[in-house]
Amino acid sequence: MLSTLIELQRLKRLDRTGWTLRGLPNGTESVAAHSFGVSVTAMLLADKLIAQGVTVDVQKLLRIALLHDWAEVRVGDMPRTATLYFGSEARKQAETAAFSDVIHGSGEAEGLYASLYNDYERRESLEARVVKAADVLDLLIEVLALERAGASGLDEFWEVAEKPNFNLEGPAEQIVQQLLESILKARTELHRNV
Amino acid sequence: MLSTLIELQRLKRLDRTGWTLRGLPNGTESVAAHSFGVSVTAMLLADKLIAQGVTVDVQKLLRIALLHDWAEVRVGDMPRTATLYFGSEARKQAETAAFSDVIHGSGEAEGLYASLYNDYERRESLEARVVKAADVLDLLIEVLALERAGASGLDEFWEVAEKPNFNLEGPAEQIVQQLLESILKARTELHRNV
Amino acid sequence: MLSTLIELQRLKRLDRTGWTLRGLPNGTESVAAHSFGVSVTAMLLADKLIAQGVTVDVQKLLRIALLHDWAEVRVGDMPRTATLYFGSEARKQAETAAFSDVIHGSGEAEGLYASLYNDYERRESLEARVVKAADVLDLLIEVLALERAGASGLDEFWEVAEKPNFNLEGPAEQIVQQLLESILKARTELHRNV
Amino acid sequence: MLSTLIELQRLKRLDRTGWTLRGLPNGTESVAAHSFGVSVTAMLLADKLIAQGVTVDVQKLLRIALLHDWAEVRVGDMPRTATLYFGSEARKQAETAAFSDVIHGSGEAEGLYASLYNDYERRESLEARVVKAADVLDLLIEVLALERAGASGLDEFWEVAEKPNFNLEGPAEQIVQQLLESILKARTELHRNV
Amino acid sequence: MLSTLIELQRLKRLDRTGWTLRGLPNGTESVAAHSFGVSVTAMLLADKLIAQGVTVDVQKLLRIALLHDWAEVRVGDMPRTATLYFGSEARKQAETAAFSDVIHGSGEAEGLYASLYNDYERRESLEARVVKAADVLDLLIEVLALERAGASGLDEFWEVAEKPNFNLEGPAEQIVQQLLESILKARTELHRNV
Amino acid sequence: MLSTLIELQRLKRLDRTGWTLRGLPNGTESVAAHSFGVSVTAMLLADKLIAQGVTVDVQKLLRIALLHDWAEVRVGDMPRTATLYFGSEARKQAETAAFSDVIHGSGEAEGLYASLYNDYERRESLEARVVKAADVLDLLIEVLALERAGASGLDEFWEVAEKPNFNLEGPAEQIVQQLLESILKARTELHRNV
C-alpha cells in the first residue's frame, strides 16, 4: 500500500504538458492538482443532479475522478498530438496496463480500482461520463483562469467547448451544458473588458 | 456554481508554506496537490478497513477529504507557528467562516458541505478521523519523497509521527499505525543507504 | 543574533500570496524582495521631503521599513481576505506577538525594535506613515511592472490607489500624491499602447 | 521554415520528465538544453576520434545530435516506463511519424533530415552510434551535476553506466569508455567527500 | 575533457538575463536552450543556402553555433546595457579569455575551437555571419513565442529587426531577410487577433 | 523618481548567478532579497557596536546597504569569475557609471547617493566596511540555509570565511568575528548531524 502511495506522490510534481508546450511557465498545473479540480467539479455536478432527482453513486463518481489519471505516473502526461501518432487504442491499452501495475499490491480493493478504471475508459456508467465532463470543464476553467491572469495563445482549447460530446442526456446533459455556457460567458466578458 | 469552482482553482497554485519556509523551492507542493494526496490516501485506508469488516461511508469520507482545505483559498496556508499566535480556536472560527463564504451559492448541497466541514473540524465521525490521519500520512509520505530527492532539515515533521493521536480504535487504529510504521521503516532504510 | 538572522532568511523564499492566488507563477515576488522595495521607496520619499525642508528621521524610517514584515516569517503572508475572517485586531495582536518572538535574543536593541514595530502598527510617527505609504506604492509599482510584462486580472489592487488614506499632510501628502499620480499616469499610458 | 522553428521553440520549455518524476523541481532541464549537451558532447567525442585517426563525418554527427529529439515536441518526453507499456517498436513508429510531420515544409533538406533521423533510430552509421553514446553520457554528467548540488534518489540512472552497449569498437569504444570511467570516478570521489 | 563538459552543463540552468529583467519568470529560457535554437536555425538557413547553390561549410557553421556562448559560463549572460558600461572591446577581450580557459584541456581540438571562436567574434567567414543572423532570429522567434503566450513589454527587441546588419549579401542576405519578414508578419497577425 | 523605482523593481526578479551556476534551481535568491538580508544584518551588527559604545551613523549604514547593488540592474549579477576576466578596476568603473545612470533624475539626493556609493566602493567609512562584512555574512547564512535544506557543492563559499579581511578593528572586528564563528559552528553542527 505504501509503495502505491509513494508512486502516486509523483503526480504532485508532474507538469500538465499542454501548458509548457504553449509557453506557459513550468509548474503551471500538476497532474495531481488537475485531478483535485476534476474531483471537486464532479462532486458539484453530481450534487446538482441529485437535487434534480437523478440517482448518482457519488462514492463511485469520486473514486473514478481520483484514480482516472494514475496511469500518467508511468506513461507521463502525453500531449494531445501524441495520441495521433500512437493511436487512441494503443494509448488506452498502454494506460490500462500501466494503471494495473500502479495498483498492484495496493490491497484488497485492487479489483475494484481496475473495474472503475475500465468503466471510465469505456464511459459505461453515468458516473464515468460525468467525470469525463468534469475533466473537460476543469480544463476550461483553468484556461479561463490563465487567460484572466494574462495568458494567451490558448484558443485551441476552446474548440473543445464548441462540440462537446459527453454522451449525457436529460438533466445531466442540461447541467453540464449550463456550466459550459457560464464558462463561455465568463470568457466573453473577460475579453470584452480587455 | 462557476464562481466557487473558479475560486477553488486558486488552490492549484497556492504553495504549501511549510516547504518554502524551510528553504525548498517555490512550487514544491500546492494545496490542491496535497488535497489530492489526502483523498487518495483516505480512499486506500478506507478500503483496508472495509476489507476487515468495518463499515465506512466512503462517499462521506471522500467528500470530506476533497473539501477539508477549501478555506485556505481565503485564509492562506498558514504555517504551524501562525496557529500559536492566533490560537487554534480563532483559527477554526476564521476558517469555518471562510469555508462558509467559499461554498455560498455553490448550489443545493451547500448545507451538506457545511455539515461535513464541521464534522471534520470536530473529528466527530470515523470518516473525519480517517481523513485527519490521511492528512498527516500524506504529509509524511511527501517528506519521505523530498528526503529521497535530497532535501534535509525536515526533522521536525517526523516528530508528529512519534505521538500520533488520531482518536481511532480497533482496526482503524491498527491500519493507520501499520502504514505509519512502514513509512518510518522506509525512512530508516533511506538514511541507512545515504 | 544568528538565530534571528537565520529565521529572517526564510523571508527570501516566502512568496507574496497575492500573486499566486491570482494565477501568477510561484516566485513572482518574495516578502524579502518586497521589503527591499518598500525600504528604497521610503528612502526616496524621505529625501524628497527633506529637500522641501521637512524634518525626517531617516534612520528610524529605514529601520521601520526593514522590520515591518518580520512577523510574516512566523505568521505567513496572509492574503487580504484572511484579515476579514480573523479581524484586524486579532491579526495585529498575533503579528505583534510573533514579531516579539522573532527579535527575542537579537541583542541589546530588542527593545528598540519592539517600539519601532509598535509605532508602525499604530502609524504614530511621520516616519511610520511614510513607510506605510511606501508599502502601498511599492505594491502598485510591482503591479505596474507585472502588467507591463503581460499580467492581467490585477484590477482590484488599483482600487487602493483611488482612496488612499495615509494620514499625511502638507509636503508629505503632496509628495506621496505626486508619486501615486505618476504611477497611475504610467498605467494609463501602458494600457493606451496595448 | 518559420513554422518548424516556432514549433521547435517549444522544446526550450519542455521539462525532461525523468527529473520531475523523481522529485526534482520543475525546470531542472529542458529537452532543448539536453539536446545542446548531447551535441557538445558528440562534438568533443568526435574530435578525440579524429585525433586518433578515425574518419568522422562531423557535419552528419552534429546534424543528428541537433535533430534526434525533435519528435518530442509532439509526442512529449516520455518516461522510460512509458516505453514498456507502448513497446519500443510502437514508440519508434510514433516518433518517426511525428518527426516527419515536424519537418514537413522545412525546405529542401526535408529528405536529408528524415534520412538522418532514420539512421539514428537504427544506429546505422558510426556517427549515429556516437550520438547515442553522447545522449547517455550527457545524461550521466547531468546526474553527476545534480548529485553534486545535493540531489539524491537517482541511483537507477547509474545502472545504465554499468552495462553500456553502444555497439562501438576500436578507438570509438575506448574513448567513450574512458569518458564513462572518468564520470564514474568523479561520482565516487563526490560520495567519498560527502 | 570531462571537466569541460561538467562546466558547460551549467549553461543548462543559466537564465537569459533579458527575460528576467523584463519581469518574465525565472526559467523562461536558459543559455543552453538558446544555443540549441541558434544551432537549429543556422542549420535550416544553411540548407536553404545550399539549395540555392551557395557553398556552406555546415560542419564549421554548427561548431560555431554550438560554442559561441560558452564564455557565458564564466562571464554570465550580461544584459545589453552591461556592454555600454564595459565597452564592447573590453567585453570581447574578457569573453575571449574566458572561452580560452573553458576549452583549456578539452583535447586535441582546443586550437580549432579557439580559431572558430575568433572567426565568430570577427564575423570573418560566411558561416560566422550566418550564425550571428541565427542568433538574432532565434531571439525574435522566442519573443514571438512569449508574446503569443501573453507576454508584453518586449518591444525593444523588435527594434533590432528593423535595421539588421548581418553583413551578408546575395542569397544569404535574401534568405535571412525572408525569414525576418515572415517573423514580422507573424507578429503583425498575432497583434491583429488580440 | 518613478523611473528609478520602476527600474529597481527588476532586482526583485534578477537571480543571484552564484546559485544557478552551481545547479540550484532558478529563483533561489534574488538580488533584492539579498540586499534586504545585507541591510538587516548590517542593522543588527550596528546595534551591537552601539551597545559597546562605538559611534555608528546608522542612517548612512542603511542607505549604503540598500543601494550597494543597484548597479546590477544594468550590469547584471556578474559571477565571481567574470571579475577575473574584466579586472576589478574595470568592473568598478562600469558599475559606478551604471549606478550613476540609475540614480539620474531620482531627485535632490542624487549627489548623496553617488557619494555613498563611492564610499562603499572604497570602503572609506566604518559604515561602508560594516556593510561589506554584512554582505559576506548574509551570503554565508544563505549558504548555511541552503545546506540545511539539502544543497551541497557550495564549499568554495566557505573559503571566504577562513580569511576574511574587512579592514575592521576593535569592537567592530570582534563582533563580526563572533558572528562569523557562530555561523561556522552552526555549519559544523549541521554536518555532524547529517
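Note that the chains take the letters A, B, C, D, E and F in the order they are written out, and that residue 1 is the start of every chain.
Going forward, a contact is a pair of C-beta atoms (placed from the backbone, for glycine too) under 8 Å apart; a residue touches a chain by one contact, two chains touch by 3 or more.
Quick caveat, the model's predicted, so the values are computed rather than measured.
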Cα superposition of chain D on its sequence copy chain F - rotation in ° rounded to nearest 5: 120
Interface sides of chain B and chain C: same vs different residues, half threshold: same
Remotest chain, chain D as reference, centres from CA atoms: C
Averaged-CA centre spacing for the pair chain C and chain A, given as whole angstrom: 40
Distance from the mean Cα position of chain E to that of chain D, given in whole angstrom: 22
Numbers and ranges of chain E residues touching at least 2 other chains: 9-10, 22-23, 25-27, 145, 150
Touching chain combinations (by label order): A-B, A-C, A-D, A-E, B-C, B-D, B-F, C-E, C-F, D-E, D-F, E-F
Chain C-facing residues of chain F, complex: 1-2, 4-6, 8-12, 26-27, 29-30, 32-37, 39-41, 43-44, 47-48, 50-51, 58-59, 62-63, 66-67, 106-109, 112, 137-138, 141-142, 144-145, 179, 182-183, 186
Touching residues (chain side chain F, partner chain E) in the complex: 9-10, 13-15, 17, 20-23, 26-27, 73-79, 81-82, 84-86, 90, 93-95, 97-98
Contact footprint of chain D on chain B as seen in their complex: 25, 27-28, 145-146, 148-150, 194
Residues of chain C that touch chain A when the two form their complex: 22-26, 150-153
